[in-house]
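My questions all concern the structure below.
When the chains are written out, they are named A, B, C and D in that same order, and each has its own residue count from 1.
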Amino acid sequence: MSRFFMNERETLVEQALEGLVEAHGGLVDVHTDPLFVTRRVPAAGKTALLSGGGSGHEPLHTGFVGPGMLDAAVPGDVFASPTALQVRAAIRAVDTGEGTVMIVKNYTGDVLNFSIAAELLAETHRVEQVLVDDDLATQSQDEGGPGRRGTAAVVAVEKVCGAAAEAGAPVAEVRALGQDVVARSATLSVAFEACTNPMTGRRSFELEPGEMEFGVGIHGERGIETRPVTEAADLVESLVGPLVESVGAKRGDSVLAIVNGLGATHGLELGVAARETRRVLDGLGVSVARTLVGPYVTSLDMKGLSITLTVLTDDLVKFWDAPVRTPALVW
Amino acid sequence: MSASNGTELTGARARAWLLAFADRVVADADELTELDRQAGDGDFGWNISSALKRARTGLEESGAQDPAEVFQAVSDAFLASGGTSGPLFGLWFGRLGAGPSAPWSVADLGRAFETATGAVRRLGKAEVGHKTMVDAMAPAAEALTSAETHSWREAVRGAARAARAGADSTSGMIAHRGRASYLGERVQEVLDPGAVSVAWFFEAAEGA
Amino acid sequence: MSRFFMNERETLVEQALEGLVEAHGGLVDVHTDPLFVTRRVPAAGKTALLSGGGSGHEPLHTGFVGPGMLDAAVPGDVFASPTALQVRAAIRAVDTGEGTVMIVKNYTGDVLNFSIAAELLAETHRVEQVLVDDDLATQSQDEGGPGRRGTAAVVAVEKVCGAAAEAGAPVAEVRALGQDVVARSATLSVAFEACTNPMTGRRSFELEPGEMEFGVGIHGERGIETRPVTEAADLVESLVGPLVESVGAKRGDSVLAIVNGLGATHGLELGVAARETRRVLDGLGVSVARTLVGPYVTSLDMKGLSITLTVLTDDLVKFWDAPVRTPALVW
Amino acid sequence: MSASNGTELTGARARAWLLAFADRVVADADELTELDRQAGDGDFGWNISSALKRARTGLEESGAQDPAEVFQAVSDAFLASGGTSGPLFGLWFGRLGAGPSAPWSVADLGRAFETATGAVRRLGKAEVGHKTMVDAMAPAAEALTSAETHSWREAVRGAARAARAGADSTSGMIAHRGRASYLGERVQEVLDPGAVSVAWFFEAAEGA
């Protein structure tokens, strides 16, 4: 039993966004009715970059709005896709004529709503989509099935596309770059404790002492397997091994590693995970050129973490390193 | 609120039907949430009841003249509520809302639900057996289409029975669409909450 | 029952710091034997600024090392003060002859160890101390007692002193400024769920459903009172009211508000808290000139939050706004 | 490991005493942690057992000739362990380590513990009744000073009894120092873990 700090459940997302503006009013604006977030100072003459999805994953996506990253973020209710009407309004607000790239995490609801929005604007706006489906745990053979979930690789996609758009890349190029980052990325997640439903205070699943849930997503759903907990070193190996194979990282390759906290994971724990990630990759001769460590794509208060690897090119490093100024990412 | 034992779905009866459905969902949302907690992300009860609360307010205030108007109002409420079920129900009710602007015969009902369910199948790429709302929608539409009766009450009784059987059949299925598909056999025995809500929808018609 | 992600408990803090360097190697260096963290690029010709304390509060203090803030941070074991020998080594490493200001949160262990370190260096180094004791919940009449605990106001103290030191303020001035920020600040915290002991997996205290713990510190200790949970609006009023009185903020005054997550509190929750803080202060005619929202001073995975108010002057705003580049704070 | 029934504290006996103390603390650290969890921050068992493990390794390898050397080694281990108890125990053992470089008589023992306890009281600003380690240290030192015996065994038995009584007395006290002081009456009945560990320290001497 836990408690979610809020007023009425109905106003949760909107009030939380008021708080975002309270803290980062210099960077972002919140539009209501319908709800979406844009940069405080709109950019013109560039490809517009937009993302969104269910809330509960903060700082994703609203925390990534600002110079060098997104032009707009469209938040749904907790774990629920935003509506097509929200997405349409956001595209209209940020597309200055150069077209828009939407970064969509692969979930049926998001895909439906973002696609409907794009179709609604087909006559007037050029809207392209990058579909992020990095979650290795949901690799499936099911033709026509939902496919892999989109999880923490979306941060790399947003950062890289953001830098490219800022540098003047046209819609098609930004889209291709984003899709390339997706193709070079894979993520695996593990949970030690499920997240709490804000309404009921119940955990989304229960684990016995000594158990962990392997291959979870970011909506509190169970993973692919319940396993006995292991030490950090072994656990990171069991995550990084399949990732390296999936992205095809070879001796001498450079990767970006995103060591992501799922909500209630402490900085000390993420520090240990980052250390172990480097150790395992060193052992494989894969060079960790960049590391991002922190709670960037959360699943409410889930206790757990994900590791994402993206095989880098010189260009991707350049885009990753390019300046960014958003509520959650600044350099 | 039960209307006369006529052969038609009038606007008033459609309104009563939808309000009864909304009341049922709002009252028992936790049951749907619990199913979605087990096999999905635990928000379905919230998603659908938010949409239906919005729809209820609209319906209580409106004097909708025919079923199409009623369904259209419900569609709008779902389209304003996101999630996966939001656009799918929005589309379903939206197609119903494009039906004849007059009271509906049982034959009209059958045609409307066939069309609407076909649209959901296409958008969701979901077929019967995939463990989704379609598993309840499709047999209900079929029951209405092939109903050998002109009585509204008998027709919806058949649809409700078919929808319920379809929803029940989702326990035992391995999901091929929606979040439950990530969990495969682990949630094989869990009922699909979308399908259950569709069964409730047709059951609500029985009293209307 | 929960699980802390780590290898052996003995290596936890040191391995986590390796992870910090992994992520922020451009900003910080970790020294071992004894353990402390310094800027990657040492600053010379300025007052050295140093802080530290038990671990488990990350990003505090190691995440605040870098230009514009600390020169060094000295981490103890989880919830345990660092040793005097660690502190001494860190002072020696960063004091370039202009003297050192140590920022110490008021806990017996920290006070003892930092004071011993300063005494050990009395012949060779000028070392001054700022004692941070902002926690209103531990206000006591006990003469000679431990006094108020030091909590999240330490972030304001480190930021302001950091900016002043960077701007060339001598030791005495930096110290006085820090002590002034302390005098202008107060904090109150509330917990919805206790933190988990990394060793035993046990929570530091248990709450019944519907209860919260009012007036907690940052070590998992119980607060001053167990109260029924209330909505966000009421709860924030019950925190901000006493703070306003304590710092003597009057109609027309400007404050800095730090809305701090204690570990497992989600961004949505902190957003709502920030919104409510502004609302309550607006109602009192107190202007929120600056807001910092996030998990900056954590208590492992405690679910809860603290609110800190600091009454601002024009100078303090200037120091707060001055550029900073650390792992956890950049602007 | 019990030495002869002499009148002196030899280096060997001091070593045996400290090793027995370390073993007890390491074995029962959870008990101390639990007390600190209730009234403090739950790390005392870890803090003290880390220090004593370090001390134990040092002692097992060293051939300390007199008690002072033994106490000094233990002091170093505590000073390298931080926390509140680290420097306080470090100081306590450090002052003991400054005692005579020869076997200690019962009178030497009394003087050494009086001096050491005085230092802790000054640094911690703690008096008897404040619910800290001092509540066990002070009566033990007093018992040793006023011991009307030349027998080591009898003297330490008296000290152990006094320390235990002092530790027990902390249940019922409202703390004026340390973290427990933040909680006041809420933890009045909880024993102070620092005082309990001091009682264990003197009890360990009885077998040495």
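We adopt the following convention: a residue touches a chain if its C-beta (ideal position, glycine included) is under 8 Å from a C-beta of that chain, and two chains touch if they have at least 3 such contacts.
Just so we're on the same page, UniProt names per chain: A, B, C, D = Dihydroxyacetone kinase-like protein.
Because the structure is predicted, anything quoted here is derived from the model rather than measured.
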| item | value |
| --- | --- |
| Mutual neighbours - chains that touch chain B and chain D alike | none |
| Most distant chain from chain A, judged by the mean position of its C-alpha atoms | D |
| CA centroid of chain A to CA centroid of chain D, Å | 54 |
| Whole-Å gap separating chain C and chain D, where each centre is the average of the chain's CA atoms | 33 |
| For chain A paired with chain C, centre-to-centre distance based on mean C-alpha positions, whole Å | 29 |
| Chain D, residues touching no fewer than two other chains | none |
| Sequence positions of chain C contacting 2 or more other chains | 78 |
| Category of the chain touch graph - line, ring, star, complete, other | line |
| Every chain pair meeting the contact rule | A-B, A-C, C-D |
| Touch list for chain D against partner chain C, complex | 30, 33, 37, 39-43, 46-47, 50, 79-88, 123-125, 176-179, 181-183, 186-187 |
| Chain A residues touching chain B - in the complex, by the definition given at the top | 9-10, 54, 76-86, 107-109, 112-113, 116, 137-138, 140, 142, 144-146, 149, 197, 199-200, 202, 204-205, 217, 219-222, 224 |
| Complex contacts: residues of chain C adjacent to chain A | 1-8, 12-13, 15-20, 22-23, 55-56, 58-59, 63, 78, 192-193, 201, 209-210, 212, 229, 231-233, 235, 259, 263-278, 288, 291-295, 298, 300-301, 303, 305, 330-331 |
